[in-house]
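Worksheet: one structure, shown below.
Letters A, B and C mark the chains as written, and numbering starts fresh at 1 in each.
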Amino acid sequence: MTNDPLLKVTGLRTHFSSEHGTVKAVDGVDFQIERGGILGVVGESGSGKSVTGLSILRLLGSRNATIAGGQILFHGEDLLTKSDREMREIRGKKISMVFQNAMTALDPFFRVGDQLVEVIRLHQRVGKREAKLKALEAMELVRIPEASRRLSSYPHQLSGGQRQRVMIALALSCGPDLLIADEPTTALDATVQKQIIDLLAEVNRELGTAILMITHDFGVVARLCRTVAVMYAGKIVESGEVARVLEKPEDPYTQKLLGSVLRMRSEVRRVSA
Amino acid sequence: MTTATLTQPAATAWRRRSQFRLATRALARDKVAVGALVVLTLVVLVAIFAPLISPYDPLVGDPTIRLLPPGTPGHLLGLDGQGRDILSRLIWGGRYSLSVAIVPVLCAGVVALVLGMVAGYFGGRWGELVMRVLDVVFAFPIVLFAIAIAAVLGPGLVNSMLAIGITLVPYMARVVYTATVQESGKDYVEAARAAGLTEVEILGKQLLPNVLSPLVVYATTLAGLVIVLAAGLSFLGVGITPPAPDWGVMTSDGRQVLLEGYAHVATIPGLMIFIVAIAFNLLGDGIRDALDPHKQTGSRN
Amino acid sequence: MSARDVLVDVRDLRKVYRTPGTFGKGTEFVAVHGATFQVNRGETFGLIGESGSGKTTIGRMLLRLLEPTSGYIEFDGYEVLTLTRPRLRALRRRMQIVFQDSGSAFNPRLSVGEQVAYPMRKFGLHPKGEVKARVIELLEKVGLHAEQAQRYPHEFSGGQRQRLGIARALAAQPDLVVLDEPTSALDVSVQGQILALLREIQAERGLTLVLISHNLAVIQHMCDRAAVLHNGEIVEQAPVDELFGSPRSEVTRELLDAVLEPVLP
C-alpha cells in the first residue's frame, strides 16, 4: 500500500471546444508522483502543462472544457469520479495549488492574515484563536520576515516575492500531501525566484509534501525536481529522472528544447552551486 | 537586393483591408445585429417616406370615429382620442422620435470626443478640471437633469434635442476620456512618438480609431435610452408638444383614455418606442463585437 | 578612444517621480540616480537589473520618450535634452526602440504593415510609391511573409510580434536601437532565433545596440559591455567577460548566483 504512488495519472485527455473545433489541450498523458516526490512538467506555451495541473484539481470550469477521458488516482481513488463536494474537501486540504500571479490569486480586499485564517477554519475544526496561531506558523514556515506584522497587511502592500510566499503559506496551511505549482516564479526577479524554489525544496524536505512543478524553465527543474516530464502539443514526449533527461535526452523535441536554452559560458565565476 | 523585381507582385499582395470593411463583414455574420439593423432601417425609411406612405393626415381627426380599436376597416391600428389615425401618426412620428434620438447623440458625441480626448491625452490640471466640471452632472439622475434643462429651455423639438444633447456630453466624454487615458499609456503610442509623429498625428491616427470604437458602441446604446428619454420629456410636457405625432406625445395622450378602457392608444406607440430602443441596443452589441479586432479575423496566423 | 567612437554619452542622469500630497506633503520616488555611462559606436551595451532597478527608465530616457529630471545625454554630438521638439523629432529617426512584447506594442486597429511603414513615411525615407515594397522587404528580412503585411497584431504569435517590432525599428534606418527585454516574453525555442536575427542585422547595418535585460545569459551572448543597475544606480559597469568573470559588486554576484542553469549542480 505504501509503495503505491501518491498520484497516478493515466490517459488524461482534456478538450476545449472553440469556434474552430475541438482543441485537444491534453491528449493522453501518463505520469505519477511518489509520496514526497517532486515532478517537473516542462513545456512551452500551448503544450498543455497548465491545463494538466488544472485538470487534476478539476478547476477548469465547465464552459468550454471537458475532461474527455483518463484516470487520476490520488491515494488510489479516482478524482475524476468524485462529486463536487468531495473535490472541495480535497482542494486546499489534500491537494493545493499555487499560481503564477499571486496578486490576482489573493483577494485584494482582505488582509493576508484573514485569508489564511479563513482557509484554515474552512478545512479544520479550530477556533479563531487557534486558527490565528496556525496562520502565524504558516507565515513563519514560508520565512516571511516580521511574520506577525505581515499578517495584518493587504496583498498590495507586499512585494511580489512576499505575495508568492503568502500563496504558498495559504496552500500549505492545511498540510496537503501534494502541492501543484503552476509557474509560481515566472513573474518574479531571478534572485527572488531562487529563494522561492529553495523554499519549496525545504518544504518538501521538512514536511514531506510532494510537489508537481509546472514550468517552462529547465533551470528550475534542475534545481528542484527529481523527475521530469516534457510536454509538447498535449502529449508527454519524454520523462524520467532529471539527471538522465538533462544529460541524455532521447526525444528530438527535448533535445531541441534543451539545445535552445541559452547558457552562461563556463568561465563565469559562481559563488555557490 | 532584387528591389526592382520585388515591387510589382509583392506590393499587390498587400491589400488594404480597411477597418470599415472588416467591421461590416463581421457585423454581417451576426444575425441578431443584422435583424436589428433591418428593423431600424425600415423605421427610418418609413419616416423618410412618410408623406408617401401615410394613409391619412396625422393632424386631422374625425371626432365621430374616435377611439375605434385596431382592425377597424381602413384604420389598421385604430384611432386615438381625437379621431386621428394611429398608423399615420406612428409613421410620421418616426421623424420626431428618430431625430431626437440620433441628432443629440451625434452632436454630443462630437463634442465629447474633442473634450474627452484632449483632457485624456494632455491630461494635467486642465484635463482633470474639465472632467471634474463634467462630473457635476453625474450627481444628478440623468432623467432629472434632462428635465431640468428642458424646463429651462422651453418645449419644442429643437429644445428637446438641445437638452438631451447637453445631458449626454458628460457621459460620452467620460467614456472617451477613460479610453484615451488607457490607450495613451500603451507602448504603441510611444512607438509612434519614436517614429516622429507629432502629438496631433498621434491623437488623430493612433488613438482615434481605438477611442472611437467604445464611443460608437456607447452611442448606439444611448440612442435607445434617448428615445425613451425624449418620450418621457414629451410625456411630461417639457419636450415635444401636442399635436405633434411624436411617439412620446402619443403615449401621453393615450394615458388619459387608458382609464376609460382604451388601451391601444397608449400601448401602440409605447410598443414602438420599446422596439426601436431594443433594436438600437442589439445593434450596439453587434457593433461592439464587430469592432473588436480579435473577432474580425482569426486569432493566429 | 577618440570622441568620434562614442555614440551615446550619458552623465548623471536622474529621474524622480513626485506625487503631490495634500498640503504639500507629497512623496518622492527616485527611479534613476546619477547614471553615467557611454555607448560606443557599433557595440552592444547591456543594462542589467531586476524589476525596479531603473533599467527600463534609462532606456526610455535615452530616446527622450521619458523626460529626465536632470542630467546630460549626448547622441552623436547632439545634446538630446536641450533640443526643441522639431529637432528632436528629426533626431528620433536615428534612435529607435523595440519594446517587450506586452501585447500593446502595436496598435490593435491598424495593420502591421501600416505601422511598420510609419517611420518611413514620417521621415520621408522613400518615395511614396516605394514604401510598400520596402516594408515587405523588411518583413522578409525579419523572417515574415509579404502577405502578412495586411494583418492585424493579434493575428501573430509573440515571437512574430517581436520580429515585427524589430522591423518597425529598422524602418527608420537608425544608428542606435534600444531593445527592452527583447526575449523575456518569448518561448525558449524562439529566444535564440530572435537573438540570432539581431546579431545578423547588427552586423549588416553596423548598428549600435542597447540591450535591456534581466537575463544574464542573454546579456553574455549579445553584449560587449554592460552596466548593472540596482535601485536606480549603476553599481558596476565593465566588459561583459570581466563583469561576469570577476564581479566586483555584491549585486552582480547575487545576480550571477540566482541564475538557474539546466544542469545538475
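The working rule: contacts are C-beta pairs under 8 Å (C-beta built on N, C-alpha and C of every residue); 3 or more make two chains touch, one makes a residue touch a chain.
These numbers were taken from a predicted model, which means no experiment stands behind them.
Q: So which chain ends up in the middle if you average the CA atoms?
A: C
Q: Relative to chain C, which chain's C-alpha centre is the most remote?
A: B
Q: Which whole number of Å gives the spacing of the CA centres of chain B and chain C?
A: For chain B versus chain C, the centre distance works out to 45 Å.
Q: In angstrom, rounded to a whole number, how far apart do the mean CA points of chain A and chain C lie?
A: 34
Q: As a quick test, compute the distance in whole Å between the mean CA positions of chain A and chain B.
A: Taking the average C-alpha coordinate of chain A and of chain B, the gap between them is 50 Å.
Q: Two-or-more-chain contact residues of chain B, please, as numbers and ranges.
A: 298
Q: Can you tell me which positions in chain B touch chain C when the two form their complex?
A: 1, 3, 6-7, 10-11, 13-17, 19, 186-188, 190-198, 206, 209-210, 213, 293-294, 296-301
Q: Would you pull the chain A residues touching chain C in the complex into a rising list?
A: 44-45, 160, 189-191, 193-194, 197, 216-223, 242-243, 246-247, 256-258, 260-265, 267-273
Q: Please output the residues of chain C touching chain A within their complex, sorted ascending.
A: Per the stated touch rule, the residues are 50-51, 158, 187-189, 191-192, 195, 214-218, 220-221, 241, 244-247, 253-265.
Q: Help me check something: in the complex, which residues belonging to chain C touch chain B?
A: Counting only chain C, the residues touching chain B are 60, 63, 65, 89-90, 92-93, 95-97, 99, 102, 104-111, 113, 115, 118-119, 122-123, 130, 132-133, 135-137, 146-157, 160, 168, 171-172.
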